[in-house]
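Lettered A, B, C and D in written order, each chain numbered from 1.
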Amino acid sequence: MGERPLRTSIATSDEQRITVRGADLTDDLMGTLDFGEFFYFHLTGEMPTDSESRVFNTLLVTVVEHGVTPSVIAARLTYDSAPEAVQGAVSSGLLGAGKTFLGSMQDVAEIVQDGVSRIENGDSSEAVARDVVAAHDRLPGFGHPEHEPTDPRTDRIFEILEEEGMDGPYLEFIYDVQDAAEEQFGSRPLINATGAIGVGVSELGLDPIVARGIALVARSAGLVGHLNEEIHEPMARDIWDVVEENVEYQDGETR
Amino acid sequence: MGERPLRTSIATSDEQRITVRGADLTDDLMGTLDFGEFFYFHLTGEMPTDSESRVFNTLLVTVVEHGVTPSVIAARLTYDSAPEAVQGAVSSGLLGAGKTFLGSMQDVAEIVQDGVSRIENGDSSEAVARDVVAAHDRLPGFGHPEHEPTDPRTDRIFEILEEEGMDGPYLEFIYDVQDAAEEQFGSRPLINATGAIGVGVSELGLDPIVARGIALVARSAGLVGHLNEEIHEPMARDIWDVVEENVEYQDGETR
Amino acid sequence: MGERPLRTSIATSDEQRITVRGADLTDDLMGTLDFGEFFYFHLTGEMPTDSESRVFNTLLVTVVEHGVTPSVIAARLTYDSAPEAVQGAVSSGLLGAGKTFLGSMQDVAEIVQDGVSRIENGDSSEAVARDVVAAHDRLPGFGHPEHEPTDPRTDRIFEILEEEGMDGPYLEFIYDVQDAAEEQFGSRPLINATGAIGVGVSELGLDPIVARGIALVARSAGLVGHLNEEIHEPMARDIWDVVEENVEYQDGETR
Amino acid sequence: MGERPLRTSIATSDEQRITVRGADLTDDLMGTLDFGEFFYFHLTGEMPTDSESRVFNTLLVTVVEHGVTPSVIAARLTYDSAPEAVQGAVSSGLLGAGKTFLGSMQDVAEIVQDGVSRIENGDSSEAVARDVVAAHDRLPGFGHPEHEPTDPRTDRIFEILEEEGMDGPYLEFIYDVQDAAEEQFGSRPLINATGAIGVGVSELGLDPIVARGIALVARSAGLVGHLNEEIHEPMARDIWDVVEENVEYQDGETR
């Protein structure tokens, strides 16, 4: 044992027992919790209530799938090039879960958690919301290239938050941000699914990184589904062809 | 539209509707299915029964966590080096879900599905099992460095399969493989969790790649949990120190 | 210090010195060796001769670039989704360096090294070549969807091997494999660039994994070049559009 | 052909010719350029002079290797878990080339290029340098946990820049930043290798992203070298053991 032990509160095991957060994996958790509940327990060390379970599972379900996205294209192409390594194909797709799309969930969770914390310390919600709008060139959690006038996933998440009595200060605050954005830009931007998930994670009392984690776990399921289809109904070679037919080479230099 | 459309049966979307496997994501699935059920539906296009849901969720729960494994070490070190990209840290860990450990789930599913298919075509189960043992230097799904005399996760998975009436031909066949292995090696190797999951996936009627997919989705949840801890209670630098203290440089050449 | 030190012969460092393979990085290697020579030295612990340097550098140059390949598409899409993490975009592309395309370099190196070893032990080259052809459904290192009647990169690599006096037994043997393949299939398959690199690596006396390593290092340079262009002349969004326009959703189920 | 062709100036190919930046890959480049020169040509479309070649190759050589780093640990562990996919092991290591360590090259290149641009527009170098110091909590390119009083790689890079007549405004400016940092912090922080590479890339007239690219290409070579050793002299299992011996599980919860 070194001088600084590597401390973890997550899990340990011996010959006949795997302990996760103080519970016995096989006796207490397997067969009892669904996967979403187990993930929640793994993250927090607390058993979710029925409401927490429903909300957390909903957030996961929301982002599994949105068609043939860049992540899916990357994963299918990688699988075709390296079928011996499904883990590589899934990773190739997950690496696109960054700032532009899914990463904004984490940003939204940070924004609403910081905002509500300032409000609890006495600032007015409207002023904090205006600060948030002013501080961002591109406001995370708002706008969508396809959905309008609302993102239907947001409507459903907010409905479920209400049904489960979890429509608290973070949900209230994002509406103030929406108002401030409308005031600033002249038109009312929709709250997209990543915004709704950032709110949902916050209402559950979870750390912003969990919002990013939800995206990664959910998308890995979506990618596995697409690879399962790719094996039986391949489209990777046709994707390549379709792209190649549109490539045009031009002499010239870049620096 | 090109001459060969890129066909998918998984999902499509328009302004107000995301369709997954023919169902409306927001109206039919969010808030109704838990994540495991949705993943099953995404893979198969069929709603799981309660038994299928319980078994599928159990398989996912089984492999989320097994302590500070090589995957966890890689993910924590990568997070420390590149905290701006949580998706990279999770991918770094997932890339270890290969042949040596988790990949064997897929191998087991292939073995038992091929085996049962041969048996259904008239071969004797004992003969097929002996062929399986003979064909592998290292039999996937058997043995464990820590657990004995059984892998407790296997015991629990098989128990749940029985409870749900899914103790069918694949489960029966893996016991015959175990018998054949004992006959061959002189001692009875335990069926480990990856073996049990390969069986469970087969009893559910799913493709072997789904076994690999279960590992990837489950482990991504486990890795997110460890990164959530790493942020609050970091161990990455201490892991590096502990390794470095033990490194010994020796002059010499390798080819 | 634990009981089993972690031994490496590659490098060590102290306050004012980084030692690589027994040489001083700053005094002996930087400014003296080009990158290809340094990579060779890092791998082998031996300074390359001028001939070895020219051949090894040529092998690296060969596979940097081949247009808008699936690897490039994956990397550009990933960069667009996660511009904060260039390392993720490069990794996303590298993960396609698998069995289907670039991985075959390693397979070819294994085939010719095993083959020449058998020949040195007395087998006839023709017989060994026929065994190689018989053992592979899809012969690694042969055939190309675009180039014909030869792969121009192969012609050039073999020319340089001759110029440098490195046209030895591995080069001779791959021609025997080509003869055996022609005999078997009725038409003469071309030796592609991955075949030529497998031969080149073997003539240099390097381990087959180095062939795979050459592919990875070279392609990472190619991917960086494409990302450098993507920043100034983006095509990722147009790739996505072009793909999406061709996607056709059909109801139905997959298992 | 769609309405927006996907334009690239990098490469195209036909049956007997691969064109890179207007040159014939096999006739003009293979056997003529070393890998570093080819990478430079690939990035810029211009043949490097001898001085540019020496400097660019030196920058690449500098960061191939620095012992058993977190990247190397991740790659070796991943290889042990997934030996079927060398590309996954290399990627697992590359994903650590982020903000904390190697990513700072890109930051330094941005800082010195912005700084020199402001100076050329009439600001005083001292004032710009003070702004740079004031704007960063942790100044990229400065400080090192092991090397002192200087980073020997920096000394060597700057010496070679002088020998090749490339000791221009970016080099001059980073010394002003160093002065400003000393003034601010009371002690003179050393310029580390990532700082020196950021300067070198800028003196070569290259885009900041190239600095990150150099790190990725160079480290992929280093990782291949370590995996080549791992195959023959494995340490991954011992790394795992050494870590596991130091892990201490404690009950408790994290949020």
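The criterion applied here is as follows: a residue touches a chain if its C-beta (ideal position, glycine included) is under 8 Å from a C-beta of that chain, and two chains touch if they have at least 3 such contacts.
What you see is a predicted model, and the numbers here were worked out from it, not measured in a lab.
The most distant chain from chain C, with centres taken as the mean of CA atoms, is A. The greater number of contacting C-beta pairs, out of the two interfaces B-C and C-D, is seen for C-D. Distance between chain A and chain C, defined via averaged C-alpha coordinates, is recorded as 36 Å. In whole angstrom, the spacing between the mean C-alpha positions of chain B and chain C is 31.
One inter-chain figure worth recording: chain C and chain D are separated by 22 Å, centre to centre, where each centre is the mean of the chain's CA atoms.
For chain A, residues touching at least two other chains, in rising order: 2, 6-12, 43, 67-68, 82, 84-85, 87-88, 91, 95-98, 103, 207, 228-229, 232-233, 238-239, 242-243, 245-247, 249, 254. For chain D in complex with chain B, the touching residues are 67-71, 73-74, 77-78, 80-85, 88-89, 91-92, 95-101, 103, 228-229, 232-233, 236, 238-240, 242-244, 246-247, 249, 254.
Chain A contributes residues 1-2, 5-12, 19, 21-22, 43-46, 82, 84-85, 87-88, 91, 205-207, 243, 245-255 to its touches with chain D in the complex. For chain B in complex with chain A, the residues that touch the partner chain are 2, 4, 6-18, 20, 25-27, 29-31, 33-39, 42-43, 53-54, 57-58, 60-62, 64-68, 85-88, 90-91, 94-98, 103, 106, 146-148, 150, 152-153, 155-157, 159-160, 163, 207, 209-210, 212-213, 216-218, 220-222, 224-229, 231-233, 235, 238-239, 241-242, 245.
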